[in-house]
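A, B, C, D and E label the chains in the order they appear, each numbered from 1.
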Amino acid sequence: MLKGTRIEKHFGGLKAITNLDFEIHQGEIVGMIGPNGSGKTTLFNLISGLLKLDTGKIEFEGSTISGLAPYRIAALGVGRTFQIVRPLMELTLLENVTIAVLYGRSNVKTVDMAREIAMSILTFIGLAPRFDNLPGQLGLEGRKRLEIARALGSKPKVLLLDEVFAGMNPKEIGGAIDLTFRIRDEYGVTVFMVEHVMKAIMRTCDRVIALRNGMKIADGVPEMVANNPEVIRAYLGDNYAKN
Amino acid sequence: MGQDSGWSKRTLLLVIVFISCVTIFPWLGPPVYFISFAFNVFIYITLATSWNIIGGYTGYLSFGHVAFFGIGAYAAAIFGMWFGLSPALNILASIPAGLVSMLLAILVGYPCLRLRGPYFAVITLCFAFVTELTIRNLDFLGGADGLWLKGLALPIEVSRSIFFELMLVLTLVTLFVANRIEKSKFGSGLRAIKEDEEVAQTMAINTPKLKITAFAISAFFPGVAGGLYACYLTYIHPDIVFDVNVSILIVLMALFGGGAFWFGPLVGATILTFVNEGLSTFVKAEYARIIYGCLFIIVIIFMPNGILEFAKTRMVKKPAKFEAAVK
Amino acid sequence: MLRIDSITAKYQDLSAISEVSLDVEDGKITALIGSNGAGKTTILNSVSGLKELSSGRIYWNDRIISGSSPDQIAALGVIQVPEGRKLFPAMTVEENLELGAYLPGPRRDWTKTRKRVFELFPRLEERRKQYTGSLSGGEQQMVAVGRALMALPKLLMLDEPSLGLAPIVTDEIFKIIVELNREGLTALVVSQEVLQTLSISNAAYLLENGKIVLHGAAGAMLADPKVKESYLGI
Amino acid sequence: MNLVLVFQSLISGIMMGAVYALLGIGFSLTWGVMKVINVSHATFGLIAAFVAYTLFKVFGMDPVASLAVTLPSLFGLGCLVYWFLINPITRAKAVIVSSMILTFGIAIILENLILLVWGADPRLLTTSYTNKVFAIGPLYFQYPRVLGFLMAVVGVTAIQLFLKRTLTGKAVRAAWQQSEASQLCGINLKKISMITFGLAVASAGAGGVGMAMLYSFEPHSHNLWLIYLFLVVIVGGVGNILGAAAGGMLIGVITGLSMAFLPYQWINVLTFGLLMLILIFRPHGLFRSEV
Amino acid sequence: MTSRRKGFITMSGKLLGTILMVLLMCWTVNAAEKPIVIGGSLPLTGQFAETGQWIERGMKFWAKETNEKGGLLGRPVEFKIYDDESNVNKAVTYAEKAITVDKVDLLFGGYPGTAARAVMPVVEKHKFVYVSMGGHMKSFEQGYTYSFGGPPLMGEWWYEGFFQWLETVPADQRPKRAAVYTMNNPIGASLTESIIIWTKKLGIEIAIDEKYNLPLPDATPLIVKAKQMDCDLLCSNGVFADGVMTIRAAKALGYNPKAIVQGIGSVVPAWSKELGPDGDYVFSGTSLHDKLKFPGNDKLNAFVKKEYQIDGYPMYFGFGYVWMQTLSQGVEGAKSLDQTKIRDWLKSNKVDTIAGPMKFTDKGIPDPINFCTQVINGHAELIWPPEVRTANPVYPKPAWK
């Protein structure tokens, strides 16, 4: 459903992504791991159109989306969250989600209808009691949930989750893992997630892609990827892998 | 959007009573000056409120908005001249004049709205200069001599009152539109753009289209106001209708009141007009200007988000604390 | 020598670290490890005065330094090598080093210190006239460490000194930290290179979600399964 | 089109542009460094022009010599303005907007103080060399313009040397390249910002005197000068000193050349039109920004 | 009717008259405490602050003088002046404020030209007499009946005197080619009109005719062009700032035309004060002049000498004074503050002012004015018409020193 072929991206002299191929199938939960600076967020920015590809092509449901404006890509059904959460700070939670619903694929006509849908999403995500709060009044975990709620508001077909679990405590992670499954099962959304918290990746993902320095070093079921020596070296340092 | 999607009946009643009082005011026979002064206040409210749609809601600070006022004034005058309109019909020509402003806004907005922040401010300022100078240089548009229009052949009190009512209607329409926008899908899209344009794009918001639309709407009402002003003054000149100071003043008025609310510019324009008027009446000219300058400094240091925001945070502070305590 | 006493710091209303306490002992290397977003950088920035605390205190030689401005803290010899190097990109290596010795004390005989830095990092001497923006990641990290050394630090705080570097460069940097420590420098190292960091440290703290969840001698930490879990979730 | 006209226009354009540049560098500095758009920049320059005028008329002091008095005082004034007015708003969400409104207020105050002190009459700095010229071939060089040009060269060089060679200057550059790391080096950001602002205001003084040698000036002249400031800075790239210098010259050259080729009444349209095009196609100026 | 009876009636009539007179005097004395208020706005700050402030001084001088003489219609006069910040819109609303809120007895005229243009239709509607500089011929052609240019600052007539004088110069000594540079505003537009008519009449070729928008960035190319085209008459139709630049550039580039005519820059007091000897020999027009022999000019000169240390009152000072002079004569002539009566009196009678006697046409303007000035030794001397001449014209202009 979402497919990238021979993607490359440079920043000045720095190669952020090198000759990368990937594919996400409908209904999958796919994880992407890799140390800081390995190009995960860059890839998400390329998919969602915030950055332009140097070479290669990204397809969504068979049609090329690389080169389209971000709002067109989003309108086709590619939703995303941001690693560093970017809520619309001056708007309430309900407003944040309502705007997404209004402009998303739900095809609602009135603000009231959109608000209802937004409310149901907030209920789903567990933020309904605080619908009238400003994002500033939420904790990090709450903001991450809001970020997901807003992305769901657009009614995406595939959702790119950028480090949703980072900075959560184990209990919160448990809830978030549960949430990830429910996003797929109840909303029918394919999930592509960047994650550092390996615990979450292990439990949720059908498949894991590992990056290092902009190159794919592994792609497969979580256990296999986690035991891949190159992945361990990428994470814990060369010496750790030898141990 | 927002919580107060409908006004309570009492508020609505109060507003209607207030508007009715304002409407009958000129027919009570006040000195003509008060009618003219109110007319000017209405113009500033209209300009500041329209500006706010692009500047306050969308976060694109246009520093050349007076250009749309001037274009409207010239368009109305020229329609009157070319088609030999009677003064009454010429007043009606303000509406197509507003459309001319709108059209120009679309043409200019397309490339300019790609710029952000101070760059957008500067390019709109340049646009105002270029328009003004072009009109000044073109003799068939009156050039440096300006244009005279035929005035209504009515006693001054009556014609002033008519313009008062017309401008009042325009102001109310502008405020109504601003209010509707604030609570609509369109307005919420604009707010998303203001908050974070990139995020707005990932929310499938067609930001270029929304920005152009907002810019066009915010140019329309100044255009109509310019047309009315031309008919009111019966003489227009680039110096008069393209005054850069007006451009800056309406920005200040909107931000002064609070750009996030539809009635912020209303409050800002009213306060600043009255303060300036009071100062020029009671204080020696230079001192009046100095006090006026201090006003901006004080407001920016103590109420950086405008008077309304200041008032709102003062009022809302208590519940916020309460909530924190509960948490 | 550095004592952090139950500090909490927030971004807007959101706690980044809560009630963190830790000690850095004189002449030792202390490690601060933990996954991304755990709050390690916030702790360093709190010490450096870049981040305002909402509660708690920080002592330097029994003197309260929390509340002081970053330049005042730097003047005490508490120097940070920030995450991502944060060099002055449009300035040469030399200028970067010179600014390291901006304060009057280190400024007095900065040419001498610079000579020492060039001894430690001979490569920097070769590139002294180059803009740091054009250097490789490893060289940039050397400049960052060198710049901090120019301030004649009493406590050197390194934030992710190995981030995005080739292993061989990481080795070199760590080797130099050890060498400096042997000469008497106290260090606080924040790193993702868990093994390597712990192997050069005396004491270590494990941070998770803004809280210290484990601390002790570095060697003991190495064996603790909690560390591996925190990183790999296994 | 004859060559003498072209070259003479070009020369006077360059000389004129140099003075715009001198006026513009400080403006560029505060905008680029601390995101403060100081719309009262030109007003400070105007004050220096009036002071230079008075010193010249009363004591016969050369306008250039008067800079010895005005520059330090303007530096001090700039520091005070920064400390008490600008600094409180630098933490605001939209510094650029707030600073524009705030400094707009300052400009109004200063203009009317000038009006109170000096009155509304237009002034000219007519020194013994104002109308002197020397000629190279068929081309004339006017002393005040050459002097303005030299002042600009000296001013730009001085600021450039200050930024590149002195420790404080390097600290200023460090503070805007990497404000956090600069603080870790022990640089006091507030103090450095204050120095930068003071320096910018002082440079406005030099620019003001330069402008006064070319043009007549009145209490409201700063409004016009401000427009030149925006031109220079946008063309040169915000925060780029040498860019501002080049931007000033370029505007002078465009004005000069277009005066040789175009009907005069369209020159300002051309200048602003060009600026719009530059903004659309090269929003960060024609020159690569280097801080 | 018997003569006795007649005598009685006469007697009682006289008595009645006397009583009435006494009553009237009592009433006037009473009214003397209630001054005549003259209102309006002036640009005291902003772009036109200089002109506005000089006009204010001129008006205030008139008021002082009038009150010392016992006032107008026996009542003292006082001003209610608003600062319109050089903003036309404000000028219009302040005129209305003065008329309808302050209910002033009289309105004074102001600057700038565009403001006068905008105020004229308004005062017409309010039926208030408005004596001002007006906005050149076009504004007097709009059919206003209450507006007077007493005298106007009339661009169309500005160079009349200069060309009349030039006509007296032997044809072979006259300039052959003219370079005309005009600022692009109402004043400039009206100045060019007379140049076109007169140069044709005198057989002078207009080699360059260019407009420029204020602010003029640089005058050098203008002068280079004029010099290269061998223009021996330079018409620099501008205001102070661009005028100064043009003169400076002409001197710097060694451009020596036979004559330089300058718009309204050379009538600003700063011209000679600031430009010194370089400002000399420039021709211009004027509507009034400190060396005119009409009564009153001496007093004004003495006053500004004492008060502002200036030789010869500045033109706008004179304007402020002369407009009030015109208005007050209208009031005294009509013996009333009724605006229509004042207007009718002004339309049908002659006023005597420091600018000479004036009789207004239906348009509200006097006969064309043909004063020509030339700056000689730092002072604008009258050189035309011959009967008011204060100095002999210097022609051709001596080369720059």
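In this text, a residue touches a chain if its C-beta (ideal position, glycine included) is under 8 Å from a C-beta of that chain, and two chains touch if they have at least 3 such contacts.
The structure displayed is predicted, hence computed values, not measured ones.
> Could you run down the chains that neighbour subunit A and subunit C together?
Correct list: empty, since no chain touches both.
> Would you pick out the chains that touch subunit C and also touch subunit D?
Output, common partners of subunit C and subunit D: nil, no chain qualifies.
> When contacts are scored as defined above, which chain pair ends up with more C-beta pairs, D-E or A-B?
D-E
> Farthest chain from subunit C, going by the mean of C-alpha atoms per chain?
Following the centroid criterion, the farthest chain would be E.
> In angstrom, rounded to a whole number, how far apart do the mean CA points of subunit A and subunit D lie?
49
> So, what's the distance in Å between the C-alpha centres of subunit B and subunit A?
Spacing between the chain centres: roughly 42 Å.
> So, what's the distance in Å between the C-alpha centres of subunit C and subunit B?
Going by mean C-alpha positions, subunit B sits 54 Å from subunit C.
> Using mean CA coordinates as chain centres, what's the subunit B-subunit D distance in Å?
32
> Taking each residue of subunit A in turn, which ones touch at least two of the other chains?
Residues 137.
> Scan subunit D for residues touching two or more other chains and write them down.
Within subunit D, the residues that touch at least two other chains are 111-112, 115, 265, 268.
> Going through subunit C residue by residue, note those that touch at least 2 other chains and give them in order.
Subunit C, residues with two or more chain partners: 13.
> With touch defined as at the top, which chains are paired up in contact here?
A-B, A-C, B-D, B-E, C-D, D-E
> Please output the residues of subunit B touching subunit D within their complex, sorted ascending.
61, 111-112, 114-115, 117-119, 121-123, 125-127, 129-130, 133-134, 136-137, 244, 248, 252, 255, 286-287, 289-290, 292-297, 299-301, 304-305
> Which positions of subunit C touch subunit D when the two form their complex?
It is residues 48-50, 69-71, 74-75, 79-80, 82, 86-91, 95, 98-100, 102-103, 107, 147-148, 151 of subunit C that touch subunit D.
> Mind listing the subunit E positions that touch subunit D in their complex?
45-47, 49-50, 52-53, 86, 181, 184, 210-213, 215-218, 220-222, 224-225, 228, 240-241, 244-245, 248-249, 251-254, 268-270, 274-276, 278, 400
> Quick check: in the complex, which residue numbers of subunit A touch subunit C?
Contact set of subunit A toward subunit C: 35-37, 136-140, 143, 163, 166-169, 196-202, 226, 235-240, 243.
> Under the definition above, what is the set of subunit D residues touching subunit B in their complex?
Result: residues 31, 37, 85, 88-89, 92-94, 96-98, 100-102, 104-109, 111-113, 115-116, 223, 227, 230, 234, 238, 265-266, 268-269, 272-273, 275-276, 279-280, 283 of subunit D touch subunit B.
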